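There are structures below to look over.
Look for chain A in each of the two complexes below; its partner is chain B in the first and chain C in the second.
Let's look at the complex of A and B:
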């Protein structure tokens, strides 16, 4: 029998990209399709080294358009296929992602955000928040996990495959260049031993039996003649998404019970925010934090519950209000004033958050 | 003596009459393709992908598992399927706009990588579905909606000779041919050879079929056939363009 990629549980110290490659292996991913872009490259580098040892496959495509559509093909054929990209590559993949959204094709995609617009930097940012949540011509019927640590990169990459195949929505792990490139200690493990059950991948094409003889052929389309025909399909998608949203939503809160200033951040920025809240509490300042882990579906009720109790809110992000728009939409009607600490494409420190909160007192 | 059935078994009667215009070349190409698949007995493992363009009207045409993709993206979808499930026979069906313009990078790179799929391209010299604009294959001086005074090759370049281009870059094991709807028997044989290439794992096959779009050409039956048989063949040579060495000798 083939050896499991990870036996038991291991303490490791590795980069985020290496972590993702191990997680995809552990999640029984069959094939990766990808195109080089910094800071995503090492996901492919580790995957191409590890995959053949475990009978997994890789295809380097001619561009991200192709990487997205080959991933769609791999998933349609019933394999656990995934891709990873960043920035301009994320832009090019949106066409295939809207197809996946429409046709319930459970593709998994890891996004390692870089600074934009355009080519910009290859380092870090949270400027792909809107794109990842709502890119493509569609309604944003996607699951987006925004991770903050290497442990989460490992856990949520595994989870993404299960979420995708269970609900059949395209599922994203939204990281960034810092998470990709820095090293951090974490535990990697064999998901089977943790009791994580894998939702089986099911073929949407090329199933048992001869079409037209043993069974009807499968005809998959995403083209419609009538407005009403399309509306019905999209309505169904939206309703299905809304129905399972409460099950999928995840968030993390800290010191919210009596907090006066509620600081909201996602992804790696939330680490600075949580550090700042600890420091502020030591100084006797009643700050608390809320971090949406799923940006789609957004944990609306939970943010509202906290926002309504607070005196002021501060949104902190490495983008110019992309999280703010999600938050404002989620708590529409709530009277709590909302301020922003926006640093598009720049990192944010604990001290800066502390200062910004003090400025609101 | 057995009687040759009129329609290929793959021809899905439940979805006929088909959705193409009367006199369209697409259904003829598809009929020849269906016969080739029937004769090779590979229907149980064949996946058909169609592009956006009038080719999309074939999404429910066959008794075959089928997926309709985006404009120009059928080749990568089929490549993705084939890479994940090599036991399947994958066919990507597209128009000249899909294959030579918006999706040309996929055609070029699939040929270079010798992807083990068959790409079939209907050359009707126009963007048909969108109302008859100039395509990469529009003939010199041919009038279209976006070349109302005729294609000016000084501005728009020469018509794309797809199979010749693919043959120049493809692996020696690739199979490349150009057929026409005016010689359906020959076209079927090209399809069979392309599919056999895939079955034997030799790699990429690419077959362009000269096709008709009387709707956008605004031609009657006689003018349609004249355009295909006389005008198009002046520029587009019909025949095998690259056949694996063994086949040529054998």
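Let's look at the complex of A and C:
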């Protein structure tokens, strides 16, 4: 029998990209389709080093358009396939992801956000928030986990495979260049030993038997002739998504019970925010934080509950209001004033958040 | 005593090559020796010691690296060699080379004038056993062998902020095993200053302990 990639649980020191490759391996991914782009590259590099040892596959395509569509194809053929990209690559993959959305194809895609617009920097940003949540010519029928640490990169990459295959929505792990390149300790583990059961990947094309005789015909469509026909399909997608949203939604709160200033951030920026709230609390300032872990579906009710209690809100992000738009939409009608600390493509420190909160007092 | 010291630090991605290279350069500098530290990471040129070039320069080390803004417009394809890098071994003084990861990284030595013939050049492999690709004796042997001829191993095993005595000792044990199998000496067990209290002058395998300061945490852009 093939040896498991990870036996039991072990403490390691890794980069984020390497963490993703190990997580995909642990999640029994069969194949990665990919095209190189910084800061995502080492996901591919490590996958290609690990894959042959564990009988997994890799295909480097000619571009991201192809990487996205081959991932779709791999999934249709019954493989637990995934891809990873960043920035302009994320833009190019949206066409295939829209197809996955329409056809309920369970794609897993890891995004390591880099600076934008366009090629910009290879370093870091949170500027792919809108794109990852709502890219493509669709309705954003996707699950997006925004991670903040290597432990989360490992846990949520594994989880993404099950979310995708269970609900059959494209599922994203939204990281960033800092998380990709940063090194920190984490525990990696064999998901089987944690009782995590994987939803099997089943072929949708090329299955045995005669259609209409031995089995139902397989009819996969992303093209419709009539607008009412399309409407019915999209309405179904939206309703299905809304129905399962409450069980997918995840968030994290800190010191919210009596908080006057509620600071909202996602991803790695929430680490600076949580550090700032601790410092502010030590100084007697009633600050608290709310972090959506799922950006799609957005934990709307939970943010609203906290927003309504607070005197002021501060949205902190390495983008120009992309999280703010999600938050404002989620709590529409709430009268709590909403301020922003926006640093598109640039990191945000604890000290800067502390200062911004003090400016609101 | 005045023999030239020329050392290249190689190893797995995030094994601690740069930290060990910087600390070696500082050590030589503190002995009153003339030191040139050369950033030769062409594998991942955007996450190297460029951002701390100035700080190291102020300590008296000649740092040969691209500066922020010097290589503008090249984006991620900006892995090009400075003339000073190509000729890094020429002129006097000691030279410490910080090399990009793996075998591809090491190939940069082919571009350095005189490296192939240099009798003083020592190549040291930095190993952290908390890095899963280089955790077991067999994997490390395979890795070190892929690099070609090397002169020494450095046990740099740690778990970042969760470093404990156990990981340092286990690293010493495993790296020493590799050393025995390959006949390549363990030069040192490197331990960050924050964890110096966990160790003595030698690790349990008898390898000398080298306390290092960490610089790369400030090296993010």
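Everything that follows uses one rule, which is that the second predicted complex is superposed on the first by the 353 of 361 C-alpha atoms of A that agree within 3 Å, B and C clash if a C-alpha of one lies under 4 Å from a C-alpha of the other, contacts with A are read in each partner's own complex, and residues count from 1 in each chain.
Keep in mind that, in the parts below, a contact is a pair of C-beta atoms (placed from the backbone, for glycine too) under 8 Å apart; a residue touches a chain by one contact, two chains touch by 3 or more.
Since we're looking at a predicted model, the values are computed, not measured.
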Fit-or-clash call for chain B and chain C when the two complexes are aligned on chain A: fit
Chain B versus chain C as contact partner of A:22, first or second or both or neither: second
Touched partner set for A:14, first chain B, second chain C, both or neither: second
Contacts of A:63 with chain B and chain C, given as first, second, both or neither: first
Of chain B and chain C, the chain that contacts the larger number of chain A residues: B
Touching partner for A:71 - first (chain B), second (chain C), both, neither: first
A:51 touches, of chain B and chain C: first, second, both or neither? neither
Chain B versus chain C as contact partner of A:178, first or second or both or neither: second
Arrangement angle, chain B at one end, chain C at the other, chain A at the vertex (C-alpha, nearest 10°): 100
Touching partner for A:122 - first (chain B), second (chain C), both, neither: second
Which superposed partner A:81 touches (first chain B, second chain C, both, neither): first
Chain B versus chain C - smallest C-alpha distance in the overlay, whole Å: 22
Set intersection of chain A contacts, chain C complex versus chain B complex: none
Of chain A, residues touching chain C in the complex: 10-15, 18, 22, 38, 42, 46, 49, 119, 121-123, 178, 181-185, 188, 347
Of chain B, residues touching chain A in the complex: 9-10, 12, 43-45, 47, 52, 56, 59-60, 62-70, 73, 76-85, 88, 105-106, 108-109
Complex contact set, residues of chain A against chain B: 30-31, 33, 57, 59, 61-63, 65-66, 69-74, 76-79, 81, 95-96, 99, 203-207, 209-213, 217-223
Chain A contact footprint on chain C (complex, rising order): 13-14, 46-47, 75-76, 128, 130-133, 135, 158-162, 167, 220-221
